[in-house]
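Each of the next two complexes has chain A plus one more chain, namely chain B in the first and chain C in the second.
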Partner chain A sequence: MGLMESLARDLGGGGESGGVQAARAAAFQLALAQGVPSPRHEDWRYTDLGGLSGQEFRTAAAATLDGQTLPLRELDAWRLVFVNGRFAPAQSDLTSLPPGVTVRLLEEMSRQDPQWLAEHLSRQANPDARTFVALNAAAAPDGLHVELAPGTSLEKPLLVIFATIGVGTPALASPHLHVLAGRHSQLDLIELHFTAGQGATLTNAHTRVDAGDAARVAHYRAVCEGGEGSHVGSVQLNVGRDGLVENFSLVLGGRMVRVDIDGYLAHPGGELKLNGVFVADQNQHVDHHTRVDHAASHTTSDEVYKGIADGNGRGVFNGQVLVREGVEKVVATQASNNLLLSSDAEIDAKPELEIYANDLRCAHGATVGQLDDDGLFYLRSRGVPAVEARALLVYGFVQSLVESIPHAALQALVTARFAEANPALEKLLSGDYS
Partner chain B sequence: MLKIENLHAEIDGKPILRGLTLTIGKGEVHAIMGPNGSGKSTLSYLIAGRPGYTVTEGSITWNGKDLLALEPEERAGEGVFLAFQYPVEIPGVNNVYMLRAAVNGIRKYRGEPEISAVDFLNLVKTKTREIGLKEGLLNRPVNQGFSGGEKKRNEVFQMSILEPSLAILDETDSGLDIDALKIVADGVNRLRSPDRAFMVVTHYQRLLDYIVPDHVHVLANGRIVKSGPRELALELEAKGYDWLLEEAA
Partner chain C sequence: MATPQTEVSELLNRKYDAGFYTDIEQDQAPPGLNEDIIRLISSKKEEPEWMLQWRLRAFERWQKMPEPKWAHVHYPPIDYQALCYYSAPKSRANAPKSLDEVDPKLLETYKKLGIPLEEQMMLAGVAVDAVFDSVSVHTTFKDKLAAAGVIFCSFSEAVREHPDLVRKYLGSVVPQGDNYFAALNSAVFSDGSFVYIPPNTRCPMELSTYFRINAMNTGQFERTLVVADAGSYVSYLEGCTAPQRDENQLHAAVVELVALDNAEIKYSTVQNWYPGDEEGRGGIYNFVTKRGDCRGRNSKISWTQVETGSAITWKYPSCVLKGENSVGEFYSVAVTHHRQQADTGTKMIHLGRNTRSTIISKGISAGRGQNAYRGLVRIAKSAENARNYTQCDSLLMGNECGAHTFPYVEVRNASAKVEHEASTSKISEDQLFYLRSRGIGSEDAVNLIVNGFCKEVFKELPMEFAVEAQKLLNITLEGAVG
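Up next, the complex of A and B:
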């Protein structure tokens, strides 16, 4: 019995209304019909889920979390915490959230407005939805739907933490996050995933951001699954007219991590910025697939990804850019720079451009390199011990991207990850001499 | 005392140095001149410990220590400093943090305690003024976006902070206008002391107007072909190197 068959035993039923149950059943049928992708799919060439899909995953049961273990505690933010996909009010804090923000929990909606939920799930599991997006609609026990009224601007970030708690036997968690940012609204959204507990877990997360006209959304998404935690994340970003959506994908931990980021520029003046930093060491596997769809004229996309692989780690970056026929004045840039730190590590970086228009400016580049020997010698000749010189150079590789994140707590999350691999680093970066 | 004896070195099987012998005593400034490709930079790199060279014969000792047996950072701990001809740009590594790591690396090698934050900051401020380094460059990534002159100045700035006992300047004058050259020379002259030795590698005698050497050596085809007093540099400026090469042949 594989992933889908074992999950089938847990889905359906519950206390949900007929409409919601039907929507979930349809979503599951869609996922089942498409099947778990294998390396035979072009999109999954480098990432083999065979090890996961063969296991008997069950939906993760409700669990609680000790508040002490929450990451990003020092961040001044409105905070919503979900444990195994379910809202955890004790760890959440929405005090003095402005009136322009509406927060809906899927679990509540199933009781208060089942028709809304049924439609919500059906929209997600539309016929074009990929397996894991459909599976999320079928299996998410709860989730977050946030709506910003037009003109609403949040002065603090909205932090959404999804914890997956392993129970020993393979467990599937289905975090679900939708944000509807109204016209001229502004939001910093921080989404963080982490794993605790024992045994294999699979976090199948779905995030969707719909930004209205001139809305500006900065979405920072950190994957910090640990131990036997794997992660499949599907992110959909819809940019409004003259709007700006930024996504920063940080993958700092996880046994097997796959993140799909789809950006749609369907309105003139829309701008999309995609950034990413990932680290794959030991036996970790990290795969980013990004797709930018320039479906309207006067749209801009800018993408910078930096990846590091060490040990037996494996990194994949596939960046697809589609410029549709008849579209004018498009600017699309993409850079994927990668650093290999061991002879057993591997990184595959591939830009994939599909251009059906003439009036555009397009630049892309992918590099895979090693640590700069000249830089290493320069630092050592100054008296910096080799281990420290290496730590500085490795962090230096991602520094400029990381320091573009306007939240110190998030930057600290990254430096902590780098310090884990190079314990000397923490001290080297301490202090302030600016 | 720096003692180089019968040094033979090659890179990728190609001989560069062929029996170089040179002694530099404490308190002395020696200039190494010579045509392009004579092995001047190789000599500098070999003293500092750059990987990639094979020493097939000979030795380099500094105060009796076998430098060739030490890692680059250990040589720095022994007081060796190389001002690079082409300072390396290091993206993402902040100048000041790099310097602190260097200062503490050297202190640790010598069994000394780490420098305090206050002392370090004062040291950086003092030397920044002395060398005339733009303060804005301090917190920038090492050498990135620096002009040619700023890079060279940064080398001398780092040297004045690390206070080496054996300083090698590899064509530090190239790319400097006359004002920058004077400031760089001032930085070097300020460090001159009975305990320090300098090896100044240069293609032009101009630098030696400002850093006055005790001895001048001409390096050609991988060995010292002529040594003399300061005046030798002037002679080279006037006559070029060809007469020496013919003499040596």
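Up next, the complex of A and C:
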């Protein structure tokens, strides 16, 4: 039985309205028609889902989670936790959330405003949608709809944690997050995915940010799936007039991780910043596909991705920049820098420019290389042992990007991941050189 | 910052300079493609049985292949059964022994194009193997080359005279089933050039072939094979122009280069086939497979191309860097104007240790032209210390054109260093203003800037070619900036 067939068994029902059910069925039909992508699809050239489609995934059953195992506990934030796609109120905390912010579960929306939900799901599953976005619309048992009233500014970040608990047999979770940021609103959104429990899991997450005019949304997205956890994430970012949307994708764990980030600049003055840091070691496979669509004049995009491949890991970066016909005064830059540390590892980079206009400045660069020999020599000549020198340089490669994250707890998450690969690092970063 | 509109449109409407048609009787096969046609081609060329079988195997492969659709180009479906696969000037029946025996009309054609064979022989010291449609008509400087042991002849002649060499190397770089157009070429290739440079020989002159497409509805399927034996060097020049015609013509050439130990091949192309008129009617479809194999240690293959013609260009001169310390280079200027489309680039496949490659690609889009760079740099696991540097820049002129970049970087060795950078922008208004404020007319200013943009590539061309390339570029882009 294929991936699609095994998913089909768990669809439908759930007491949803006819319109919502119809939208879900249509989305599934769309995904079914497209089929599970294979490396024969240009978009999946470097990522083979063959290993997944052989397994019989079932929608993950409701599960509970010990609050102590949650990451980012020390972060001062409004917190929402979902376990296997379902809301976990015990671990969540929305105390003193400002009145301009409305947080509602999709399940609530389904009861209160089924027409909105049906439309929302159909919008995700349009014929141009990626297969996994359609699958998410078809399968998401629950999710989150966050709305910021015009002018609302949140002084603390909103943290949304999606935990997938393995139950021994292959389990699928389909988290769904929708943010509607009104005019002149401001939000720091942190989305974190992690896996616990036993057995293979597949998280098929979809996040959509609709930012209004002059709204500023910073979206930090961390993927910390476990050794048997696979992750397919799709992010859709719509930037408003004179608005700014930032996305920072951190991929720190997972057997197979694929993240698609689509940014849409349809209004003048819009700005998009995409950053990413990923580590692929052991047998990990990490694939980022970004697409920036400049559909309006006077729009700007800037993208910096840093990747590290070690062990048998494989890192993939595909960054597409599209400038549409008739669009003027566009500036688009993109850089993909990669560190290849093992001869069993692989880096594949494909920066793409597709340009149908002339009044613009676009540039991209991609590099694949190793640690700087001179840097290593310098450190060693000052008595830093080779292992530690290496750990420092590897972390140094991503440091500037990581330190641009204004949340210390998130930075610590990255440092911890690097320290896991190089235990010497923690000591060094804490200033202990003894 | 504008040339007055009237001047622009006047310049934009200029006609293709090399466009005319010479009326020469053709010995033509009926349209269509089947085994009989291939047998006919083979027998017309008096080929041995193995060559025929080789063609038939290619045809068999081709029939099972789908036409590739991945390139960023659009054209109506080609009816391969409506094309003619063989056409030879009548004069072939009694092949000319010297220039005097060549049809004067043919010679006139070359003269109109500014390729005076005699002059070139004397002044430039260039041996010319001119291909008029399918059969080589004239070869020069044979004696001088023969003294050096260099074999430079038409492909048909090579099949007859040097069957062992041809058998050994034909299809060893581009196999029959490599891709759709290469398979088609392998089945029906009409003629082309064969070059063999013996060991430790520096070819005494630059070798050159001018291709022309002349007969109506005749696809031209050239096959070029250049083998540089150990320690040898050769510089090969390929250039082409074609008469103006309204129907699209298919050109599916294959070029194979083999460089053995310490050998170097420099392959330069200036391509100026008929690009179609302002509305995109007519023009050549140029679907070419070019690949060089750096088979030996310390070998080097360098591709330089200036692509200004053709309605559609689909071309990726590549290097397979097998030998230790081998070097691959690709320098390209591609220009698309009016409704021209180009999808061109290169592949650098690093297999050997210490292999190095450089890619410099300059794309210029004007009018409604679409220009795409598509490149692959692959560092295999075996390629210790491999190094690649890639730079592709695009210059945009006009707001209806397009410039696209599709680079693939695949690295499987942790000692590799790979760099890729690309930029796209329109021609700088500040630079134009600066030049014009110093009294340089806008047309000259554009030429100056464009030539500066392409300088890195032009300096790789042999001198005569560089002059021609600059001229071509200026002519192609006249009036492109408004």
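The criterion applied here is as follows: the second predicted complex is superposed on the first by the 430 of 434 C-alpha atoms of A that agree within 3 Å, B and C clash if a C-alpha of one lies under 4 Å from a C-alpha of the other, contacts with A are read in each partner's own complex, and residues count from 1 in each chain.
The criterion applied here is as follows: a contact is a pair of C-beta atoms (placed from the backbone, for glycine too) under 8 Å apart; a residue touches a chain by one contact, two chains touch by 3 or more.
The model shown is predicted, which means the values in this text are computed figures rather than measured ones.
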Is A:Q282 in contact with chain B, with chain C, with both, or with neither (first, second, both, neither)? neither
After superposition on the shared chain, which partner residues are touched by A:Q112: those of chain B (first), chain C (second), both, or neither? neither
Quick check for you: in the superposed arrangement, does A:T102 touch first (chain B), second (chain C), both or neither? neither
Is A:S343 touching the first partner chain B, the second partner chain C, both, or neither of them? second
Which holds for A:L429: it touches chain B only (first), chain C only (second), both, or neither? first
Applying the touch criterion given at the start, work out whether A:A363 contacts chain B, chain C, both or neither, answering first, second, both or neither. second
In the complex with chain A, residue positions of chain C that touch it: 70, 379, 381, 394, 396-426
Which stretch or stretches of chain A touch chain B in the complex? 372-375, 377-386, 388-389, 392-393, 395-400, 428-429, 431, 433-434
Sort out for me which residues of chain B touch chain A in the complex. 48-51, 71-73, 75-77, 80-82, 84, 87-93, 96-103, 105-106, 108-109, 117, 120-121, 124, 138-139, 141-142, 158, 162
Footprint of chain C on chain A - complex, ascending: 42, 325-326, 328, 338, 340-343, 345-370
